[in-house]
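When the chains are written out, they are named A, B and C in that same order, and each has its own residue count from 1.
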Amino acid sequence: MVGVLMGRRLPLAVCFVFGLVMFLQYFSEHPVAINLNQTILDYWQIVFAFTLIVGIFTYFKNNVTQISRGSDRPFRLVGLAGFVSMPLLALIWGIKADTPFMWMFENVQAPMQSTVFALLAFFVASASFRGFRARSLPAAVLLLSALLMLLSRSNIGGFFSEGLPEIANWIRDYPSMAARRAILIGIGLGSLTTSLRVIIGIERTWLGGDK
Amino acid sequence: MSTAVLIFCTVSYHLILISVAGYSGWFNPDTVATLVASLISIAIVLFTTFYKRGGAAFKVREIAGLRAVEDAIGRATEMARPVLYTPGWGGDIQRPTTIASMNILSHIAEKTADYDCRLVYPTHDPVIMAVAQEVVKESYARVGFPDRYRAEDVAYVSSSQFGYAAAVDGLITRLQPASIFLLGTFEAESLILAETGNSINAIQIAGTDSTIQLSFFIVACDYTLIGEEVFAASGYLSGDKSILASVKAQDIMKVLIALFVVVAVIWSTIEAISNVPLSEWWVF
Amino acid sequence: MKRLEARHWTFLGLFVVVTITMLLNIKLEMKVSPYTQDMYTYIESLPEGSVLIISFDHEASSLPEIRPIALAVLRHAFKKGHKLIGVSLLAEGTLIGYRLMRQTADELDLEYGRDYAYLGFRPQYIAAILAMGESIQQTYPRDYLGAPYEQFELLNTVENYNDVAAVISIADGSLTTHWIEYGQARYGVKVLGAVTAAMVTTYDPYLASGQMYAMMGGLRGAAEYEKLIERDGGGARGMLAQSSAHLYVILLVVLGNIVYFVSRKQGGGS
């Protein structure tokens, strides 16, 4: 029990102290505060590197377990092949330009990622076809704004009217921006209260679910 | 927790003293406006959290997407299909949205454990995975079904944005989940995931703090939580008074910001009309 | 074989439209927007020899859009005689950034270490941005190729953001926000964005509030910039494909509404 309690209390205390220190150092330009900030940031990067090990280990373990159970075998085998081959190439020949690792990166990984990214264009088309319906007056206004924006962001907008880009920019700079600012303020306040709850220890989900 | 309040008050008092006296370079005068705004905000949050939460319960307006959570899980159970929950590629564990998303996950995990429905949680971040595993495990234990928890269902898939998108898309296509929860910080992968979910006719409940992705979710998902609703959601679902108190604090701060904006507008209008430069204390 | 659904036809239509447009060689005239003009004017107005940090904050996936944007900005900055320091906050942008800097520098026979330097990638972008505010050398003790920081003439003149005119974040996601929230807000460094089209509206509030100094966005921004610097970098051609896709989506929206109203008239609703 004492161990469990310490297990919760210690991270909570560390979180509180570092939360407070990082908050305070923001307002200081004293060399001590600057050095402290720099040191904490260095450690932050080091800790992050260790967290990757957790990901690598569980990815490998999960896939091997699933393959042995026969679930999604082809996909998992391809995943594991990439998982093993890329670090091997990096270890043997390094990761600078013109190495096998970079060849794989440029000719396998990058095109595959671009392909998935490109799906977005197709999904925008299908979502627009299905979703943009003038069901009500606000929906019709939204639809009209979207069409204006689409026209203005292509170089054919100018053919219809010289003023089209100006109208689109106005929509972007005023009604759209006002709505986004309101949402951003709400998000900012939500972030602030959540962060404070974490720092003072009443929000403990990040410790694994103890409310 | 009163210790935290005490520390806050002491620190604030000394901060103000230092800022007023300008002690030998310890305080950066350029940050005075930020300091004042921060202290006011913190004071409001602490006040509502520690003094108001003891009173009557706060009422949070109905959020359609959250009302639908139970139906979505019930549907998955009836169809004997899993529920898929993913927090997006844009967040890490220190991001408040991810923490808010964890609170919602905790609630959903309790329900899926109760209904004996499989919960699949792919993520791009090993730390999020570790925390989510604990959250789900504890939720399953809380409702009395620790044996139904499957650690391999809460998995790290890839740190790369479109590697993650492809992995989650693959899971959606193969597992055909009946309900999909997209709650967290999303970037360009949002529409790819939401449209794939739509193509298999899953009920989709989404919520994000990424303003640009909200439009995609609104088009492709059944319910969308907009920005701060994600933060309110955990309080709404759990009824936790401290979370609801912080929602109240947000409202108080919003009113103050609105008043501040009105004063600043009047101030700058007078300045523009009279052509006399006034103090710019409010600019930061 | 499974029957094709409506969405599959829309996908196929888009593929056909974009492919045909890419095969055509049409040159469309366009007006330079005030946003792109501001970005150009800022770089143009800096005194020769000003130091700029170019941060390649993108993944490989967005290269078709990022490449023309980056080429236009780099060519302009190098041509004006500015000194560029390249960094990357996303691992995948590292090599791409290095290649683009090298390519554009070689076009003008510039010398590595004197006219430009490339520091490469640092993990944990927030920590990296904050750390550079204190000391760039401590954040990057060595350059991308492994040589010590102090070995280069250019880097010896730069300690932190105080010695830098601005940071230009070339991004396909929200990383520019961190440059604004930490680099600009904490250290007061000017932040300019060269971002993909999808991210433009995300940064509008920062641009309007002055937290972001200038921004160019998407293939359109790249095409406009190419017009300003009178140098082709693929933006105009990409813009043609994008314009055709936009027209196609407009057509789909109109078609979707016709289907909706017809079915509603027939009592089917939607």
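Here are some notes:
In the analysis below, contacts are C-beta pairs under 8 Å (C-beta built on N, C-alpha and C of every residue); 3 or more make two chains touch, one makes a residue touch a chain.
No experiment lies behind these values; they were computed from the predicted model shown.
A complete topology is adopted by the chain contact network, contact being made between every pair of chains. Of all chain pairs, the one linked by the most C-beta contacts is A-B.
Averaging Cα coordinates per chain and for the whole protein, the chain whose average falls nearest the overall one is A.
Centroids of chain A and chain B (each the mean of its C-alpha atoms) stand 14 Å apart. Annotation: 18 Å between the Cα-based centres of chain A and chain C. Remark: chain B and chain C have CA centroids separated by 29 Å (rounded to whole angstrom).
Shared contact sites, meaning residues of chain C that touch two or more other chains, fall at 7, 59, 61-62, 92, 201. The set of chain A residues touching two or more other chains comprises 26, 109, 113, 116-117, 124, 126, 128, 130, 132, 180, 184.
Chain contacts: chain B has residues 160-162, 188, 211 touching two or more partner chains. Within the complex, the chain A residues that touch chain B are 16, 20, 23-24, 26-30, 33, 51-56, 58-59, 62, 65-66, 72, 75, 109, 112-113, 116-117, 119-120, 123-124, 126-128, 130-132, 180, 183-187, 189-198, 200-203, 205-211. Those residues of chain B lying in contact with chain A across their complex are 1, 4, 7-8, 11, 15, 19, 24-28, 31, 34-35, 38, 41-42, 45-46, 49, 93, 95-97, 99-100, 102-103, 106, 125-127, 129-131, 133-139, 152, 155-157, 159-163, 165-166, 169-170, 174, 188, 191-192, 194-195, 198, 209, 211, 214, 216, 218-220, 226-228, 230-232, 238, 240, 242-243, 246-247, 249-250, 253-254, 257.
Per the touch definition, chain B reaches chain C in the complex via residues 90, 160-162, 187-188, 199, 210-212.
Taken in their complex, chain C has these residues touching chain B: 7, 59, 61-62, 92, 172-174, 198-199, 201-202.
Across the complex, chain A is touched by residues 6-7, 10-11, 13-15, 18, 28-31, 33-34, 59-64, 92, 95, 98-99, 122-124, 127-128, 130-131, 134-135, 138, 145, 186, 197, 201, 204-205, 208, 218, 220, 223, 239-240, 242-243, 245-250, 252-253, 255-257, 260, 270 of chain C.
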